[in-house]
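Listed below are the structures to be examined.
Same chain, two partners: subunit A is paired with subunit B first, then with subunit C.
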Partner chain A sequence: MNPIESQETYKQYVDKKSPNSPILKNCFNAFWVGGLICTIGQIIFNICQERQIDETSCGTIVSIILIGISAFLTGLNIFNKIGKFAGAGSLIPITGFANSIVSPAMEYKSEGYVMGVGGKMFTVAGPVLVFGISASIIVGLIYIIFNTQSITLV
Partner chain B sequence: MEKLGKQTIKFNTPPTILECSSIVGPKEGQGPLSKYFDQCLTDEFWGEKTWEKAESKIIKETINLAINKSGIATTNIDYCFAGDLLNQCISSSFGIRDLSIPFFGVFGACSTFVEGMSLAAICTEAVASNVLCATSSHFCSAEKQFRFPLELGNQRPPSAQWTVTGSGAAIISKEGTGPYITNITTGKIVDMGISDANNMGAAMAPAFVDTLVTHFLDTGRNPSYYDLILSGDLGYVGKDIAIDIAKNQGYNIKSNYNDCGVLIFDKNAQDTHSGGSGCACCASVFSGYIFKQLQSKKIKKVLLIATGALMNSMSVQQGETIPGIAHAISIEL
Partner chain C sequence: MNINWANVFDVMSLVKCFVVGGIICIIGQILIDKTKLTPARILVLFVTLGAVLGGLGIYKYLVDFAGCGATVPLTGFGYNLAKGAIEGVQEMGLLGAFTGGVKASAGGIASAVLFGYFASLISKPKMKKQ
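Showing the complex of A and B:
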């Protein structure tokens, strides 16, 4: 078979020829690092509860601390190494969200604080915000339509 | 100067590559070719405030180094052909602005170095005595422009390549005792429908083979004529594909073919996945390593084919496929 006979055959040939990501290894690392981050979150949560803080505030405190740690590690050039190792494991929890905002802010500082840091800060996280907020609005609307009784209870 | 076949020019009084210089970044300085480069930086910023400024400084200093080494006065350099990867080629124009040499900005993505040398060779054959060629790239500024911020914790696929930080410059002269540029084969754009920006090697390999085969057809040579056939930045994935496709077209290049992107990094120790890429990949490997091999007569005939992926980050987002190009020059003693 001649691989460059047509674009179709070439695409198939390249797919076969290109090395695949080590999926099993990536999944395993993502699983345990992601689990570890969540465990740390739970430990913070439990400590807060021990100190008689109400459940909603506990959750907020967990988020704040994890975001703080992640942003700090991003600044120290450590988080990208964790991210390279753990992939989705560190990207999916709130740590990844903090990293995706801090990293462009650092990168585009050279273009000034307004158009650089301010303007480019959400280039990576922007889509997550747009679709995350859109999805929550849609879910909220569905909730209102189908669950009118419990609305007063909320 | 005469035209051979469809795409090749043969020089009757071949211009000489008089002198070359190269400056590379810290990662390249830890690679297997480190001892061949003129200077290996220890800091990617090189005392500047931004990546872009650092890249301009690298190309500027590389050019100065080449001029100093050649002993030719700056005023005796007739033209400069230079380019890079940043938008509107700012690294080269900013780097060159203080030199006051007549300047042609060229863009052929990672094939720019050989494109510049081809034009310089034509220029010397026609009117000029000394012409300067240079290209640069910088890992950090390229990542910023084409991919994600450096600190983002993401993973790179195994087919992705690592942009070389550095620059290479060459001075091409009418007079000289070699190595000579004897032929140039200008490539045409070949697009085989690859749209994955993390697999540039696969996107450019067909263009490489197209230029390679055209060169052999135009000149009547065959792969064994050359001591070394060197592609610009196909990387491990692209190199493999190129050998395969060339074999399919009836040219066995396996024994004397290599790739600059493969040579410049140690794949396993440096975690560079499919190898190096960028305008500086071919430029620094040629100016540093290959030119010294030619000078010491360890190799005598080289076919240098720089490959380029003619895309930008917007075209990739719009789902466009990646057009590839490859330019060849044969360099002989």
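Showing the complex of A and C:
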């Protein structure tokens, strides 16, 4: 076997060997799995509304149920298989947020229950919360600037 | 309490939800395949984008149209944070900007922490396959 000599030939070699990612198929899978997760959420939401629960609480209940399901599916190693198949279809819905908390926590379990599980839970979810919460506070502050009547002294 | 199952399985609302939720996921999939963004960065991007669009009042139209198709993806999480911050400001001014967002999404964050911890406890650490 010839050794791979230059970067060029190495690149060609990798391109030849690595499977080309079929973007259309990925998008199709992401579409229907993502759509399905949202539809399950909508069914839960509709049931809550039929029970005369107000709309904000309905949304919270949907989030809690979906997060709970996906957290335990991740713990049982089932969610990773769905994720491999669906890509963004399971990553982008709130299920991906729960998955991003559980998978690093599982991986670092050997480092202990406080710093291992408790600390590594937030390797991905931490940035999401930092940027999400910061953005929401900034939105609130900008809203104050543009609606000066709404300022009541705290 | 009686539940009207015809309202629960209202086809029109479910189809809208399915299509919009699916399209948001396709956008994420294109970002994964066509750019070098890591999944973590895509999650951050979607939440921030949702908060910005929510703050501008654009995302509300999508939520009205698609329901959970717009609120279940992470952009909806960001939208919820921004909506909460604005409502907090309306209720109690400057303090509300800080408390409103987290208050509105407290259920999701708290349940993610609790279920995440429990699920990690029950999981068996898998051996890395060589």
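Some observations on this one:
We take it that the second predicted complex is superposed on the first by the 127 of 154 C-alpha atoms of A that agree within 3 Å, B and C clash if a C-alpha of one lies under 4 Å from a C-alpha of the other, contacts with A are read in each partner's own complex, and residues count from 1 in each chain.
To be clear about the criterion, contacts are C-beta pairs under 8 Å (C-beta built on N, C-alpha and C of every residue); 3 or more make two chains touch, one makes a residue touch a chain.
Given the structure is predicted, the values throughout are model-derived calculations rather than measurements.
Look at A:Leu66: by the touch rule set out above, it reaches subunit C but stays clear of subunit B. In the superposition on chain A, A:Val14 contacts subunit B only, with no contact to subunit C.
Once chain A of one complex is fitted onto chain A of the other, the partner contacts of A:Met115 are absent, as it touches neither subunit B nor subunit C.
In the superposition on chain A, A:Val102 contacts both subunit B and subunit C. After superposition on the shared chain, subunit A has more residues touched by C, the comparison being subunit B against subunit C.
Of the two partner chains, subunit C is the only one touched by A:Ala125; subunit B is not. Look at A:Gly87: by the touch rule set out above, it reaches both subunit B and subunit C. Using the contact criterion defined above for the overlaid structures, shared-chain residue A:Ile144 touches subunit C, although it does not reach subunit B. Under the contact criterion defined above, the residues of subunit A that touch both subunit B in one complex and subunit C in the other are 21, 26, 74-75, 77, 87, 91, 96, 100, 102, 106-107, 110, 124. Taken in their complex, subunit B has these residues touching subunit A: 49-52, 144, 148-159, 192-194, 199, 202, 206, 209, 237, 240-241, 244-245, 248, 321.
Those residues of subunit C that touch subunit A in the shared complex are 1, 3-4, 7-10, 13-14, 17-34, 39-40, 42-44, 46-48, 51-52, 54-55, 67-69, 71-74, 76-78, 80-82, 84-86, 88-90, 92-98, 100-102, 104-105, 107-109, 111-113, 115-123, 125-126.
Those residues of subunit A that touch subunit B in the complex are listed here as 2-4, 7-8, 10-11, 13-14, 17-21, 26, 74-75, 77, 79-84, 86-87, 90-91, 96, 99-100, 102-104, 106-108, 110, 124. For subunit A in complex with subunit C, the residues that touch the partner chain are 21, 23, 26-27, 30-39, 41-43, 45-47, 49-52, 56, 59-64, 66-68, 71-72, 74-77, 87-89, 91-94, 96-98, 100-102, 105-107, 109-110, 113, 117-118, 121, 123-125, 127-129, 131-133, 135-144, 147, 150-154.
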